[in-house]
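Across the two complexes that follow, subunit A remains constant while its partner is subunit B and subsequently subunit C.
Entry: the complex of A and B
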């Protein structure tokens, strides 16, 4: 309960402002100010060693949104990555949560093992996967060849490389879903499940008609948070493929990074970053609306 | 604990077989999840000559670790990462605990404006503010310094952690604070001496997460630091390109980078699991 009816109105406002002041100041200096400067830079011809910074209007924006690499590779890659990574990790996480949601011996140990990917830095995860999927010496090809299949040059072809990136991401994030969904499962009331058992309802019907609807709020939170995070994935792509082969596995963050720091065109890089920011803002607001409605339904 | 008993999937099989299948499934899943890390550890223990056929040879060595630690840059990177992660955790908690408390205890325009701001900035991709932050850091003289890397790391967690912290404080009954206020305690007193102690498990959970996130972070360090402040994730990513063929050394460095995170997570596991119940 807020204590808004107290007479000390001014004092309360002051207390509230003081509580958020340090956080607000830091955000102003290190997020708001840079974004404003970035917006300014995106309208200028701003290369690292070109101090003139001529105003060019929307030229950079036009260049980015008419760039075939951006339209036909980066955007589809980013959204494909977002959908597959979120849904894949959600499905796997839900399955694991259901499996763990019953008492058995060694449950604590299993839980600890499943949490391992949470502690691993994305860069390290990418290095591990790069080594395992190495076309000459990797264990994956060694196993495949041992089984009589042919080894694949995993990171040299577009879709296999994209698959390895997705696999790494799903491995990294499945434990989050497991943890949150398991906590959600354990807080559900047990009566509906007991009633369903007495009625002899099939497992699948219990899952689709009871478990999933009751878990909906938790699932919604997981999906929104992860979808937004997936959009900005950088580390694993950088370390696994560097966007290659060619530029075929570039995601949005890497595209902006390459423009700004490898092509040294800070103006166009900022424009790409602004465009990506606007896209995810729209996606974020839509997701928030949709999921809010789902959660209340 | 309210364990939900669900009808079993293979109900017509005898109990023993069902147990066996369940056990096999659990062992298989654990193996798949742990395998990449196990493989990395195994690779880090192989000598130079054996590393290309990790699954065949039988020679093992600790020499890789010794060799990695002769590289001053690696040692420096470990120290930098540890210092920055620790300081970032301390300051992040300092600013987000109070901001989360405000969000939880007060309604009205100030609170809802702050909440809206947090939600929007949570959505902004890192790259969209780190590219321009590079200019800012350059012109403020913060590029490639401790402070220049530390402050963005504190700023980046404000949104997510304030939001988590609000959730934790929502779960704590405010009537004790009201009682303290009536007894003549100041608002700060009610916050610091009444609300804060009951939030300690949640704060511990956030502390563990914050340390791990900062230790594991890569993009900020890649853009905001050069040679003077190497951190471990950037040094490792450079290894991939610079000594791409010496997998045994790379694996040894990666294993060393995993150790602090593992220790912290083992120690903090119960807080994190309890703290993440949304």
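Entry: the complex of A and C
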């Protein structure tokens, strides 16, 4: 009779762990280790050109959270961007998903064309938009002037520049919402909609009382994922405005990037990144709980 | 005696063997006309020596941070890297001294000054690629040499005349956004006896520190400069309304498209401006000295170099080979002549300048007005925090020029501490 202790994991569990191991190792190397190094740097005098690595405690954190630019410009801009971008793309994505959910001629073609922005790299999209909104040879001003309106210096005013950034982001992300929401719509049971049709319910009532409530779980996932992603948006803003004019369109990720890689102060840049990480962690948890409660309501 | 001879023979053999083992040199650079022309000289040397030149292009937008990370990590990713006066002091301690390259005796001394490229031991850390400075370009089909504006006020006047005559859409266009400040902000500031930090034109860090890294943002000359551009854009409309957001590519595109009569750009764009495949204005462009502001009477010249450097961290064999290549580039007359023709940037060997100047009116102008000028200005500051100072300066003047005219002084005063603080 065999004696001794039982193995910690059964054969099936060991096999599962083996399958997860490569992904786990990759995550450890490329996610966990850099975060630990970054966290370590945030407590040290760590200039990229001269890494003394002297312990400075919370000095970098204090400098970031007392920086008026961070509190009065960067954080409000970031949250405004997050809210408008997420809701704007959600509304458009839902509208497109509803349109595509009905059979019509050329539906597949339209569906494919609508997905094109998903295949465009954000930096390319931003460069394209920058030239489109150029005040001298951009297509936008050419059209406006053709219609008898005055062309605008879009990237010189704070709110027009912010608008161009939002437009670019919404254009890029709307197809993602469309794809997921369309999949959600197509998986809904048909019976409630047929019953509503027999009862003569208006389209708007069907949308507000059937479609949206039944789609809520999909919407919740979309909003949470996108909100977290929007918080760390960097590429399109850096390419379109560089955070300007002045610092008026600077978002959180640009703030951390400028500290770490333009000013070459890796210590302070890491502290900013850690603060941003904490903020988005809190926002993510709150957002998830709120949207989850809405979904279950 | 015999021992010495044996040791010397062993050293020569070891160096020869080591060099024979090095089969390639990796060049970290940013694609641009002058760098491409300089690397062509490396390739021609490499072809003769059997050394492969591996070109590793890097984006300008991330060049400093990427290269700084590479240098501080002691990697041997690159054997030779593009170097620039802006980063002279940032990297001085990370680069191999180049004083032992004999051909440097042919290089121009102002650009290689120790204030810019010297390390703590006073050794030089650069080999020049060419002179890279900007000049005032104008449309020679619209403006005769004697009509070129000599003052900033004259620039407005001439621009308005040309615009009124329907000859051109704008008078002046130039980059203004961050990292493109030189092409509007900085030159016009220097032209008005003004600078980012006080005292103006001072680049000795000890003197700047002794002055408390005081910014000149609140000086009347700075207010005048910002007001000048505010008026140029909004009142006189000689510059596009979108100019505060322009980088050099957008400004150059407008100038090459024929929509502006004047611009300031690096001389290395001379070749592109006059390339019919790229520029509608090819053959209709000339250059002159900068127009001056009300506070300055003497003409000034902005003169800097771009160069090549060798990371300290690479092996002695690679360092030796890299130096051999750079020394060969310094005396490559044919390559340097080609570089000037392709770019308009004065080449690194000063002994070739008289010959080029005798044959080429553009070089003659550059030599007279910039290279031989007694009133030279350096285009950057030479301390590690310069990028932060530059950004704080650009953010402030951009905010001022895009706001209300009556708020300019207030915005400059609000931004002044951020410029000084960034320097400390």
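General remarks:
The rule we apply is simple: the second predicted complex is superposed on the first by the 283 of 297 C-alpha atoms of A that agree within 3 Å, B and C clash if a C-alpha of one lies under 4 Å from a C-alpha of the other, contacts with A are read in each partner's own complex, and residues count from 1 in each chain.
Quick note on the criterion: contacts are C-beta pairs under 8 Å (C-beta built on N, C-alpha and C of every residue); 3 or more make two chains touch, one makes a residue touch a chain.
Being a predicted model, the structure only gives us computed values, none of them experimental.
With both structures placed on the common chain, the touch criterion links A:102 to subunit B but leaves subunit C unconnected. Of the two partner chains placed by superposition, subunit B and subunit C are both touched by A:137. Once the two complexes are laid over each other on the shared chain, residue contacts for A:213 go to neither subunit B nor subunit C. In the superposition on chain A, A:110 makes contact with subunit B only, not with subunit C. Look at A:269: by the touch rule set out above, it reaches subunit B but stays clear of subunit C.
Of the two partners subunit B and subunit C, more subunit A residues are in touch with B. When the two structures are aligned on the shared chain, A:261 is found in touch with subunit B and with subunit C. When the two complexes are superposed on chain A, the residues of subunit A that touch both subunit B and subunit C are 134, 136-137, 260-261.
Chain contact summary for the complex, subunit B toward subunit A: residues 1-9, 22, 25-26, 29-30, 33-34, 36-37, 39-40, 43, 51-55, 94-96, 98-99, 101-102, 105-108, 110-111, 114, 117, 119-136, 151-152, 154-156, 158-159, 162, 174, 178, 181, 187-188, 191, 212, 215-216, 218-219, 222-223, 233, 236-237, 240, 247, 250-251, 254, 257-258, 261-262, 264-266, 269, 272-273, 276-278.
Only residues 62, 64-65, 68-69, 71-72, 90-91, 93-94, 177-178, 240-245, 250, 253-254, 257, 259, 384-385, 387-388, 391, 395-396, 398-399, 402, 422 of subunit C touch subunit A when the two sit together in their complex. Touching subunit C in their complex are the following residues of subunit A: 47-51, 134-137, 152-157, 161, 241-242, 244-248, 258, 260-265.
Subunit A makes touch with subunit B in their complex at residues 1-4, 11-13, 15-20, 22-24, 26-27, 29-31, 33-35, 37-38, 41, 96, 98-99, 101-104, 106, 110-125, 127-132, 134, 136-137, 139, 142, 171, 174-175, 179-180, 183-190, 193-194, 196-197, 201-203, 206, 211, 218, 221, 228, 231-232, 234-235, 238-239, 252-253, 256-257, 260-261, 266, 269-270, 273-274, 276-277, 280-281, 283-284, 288.
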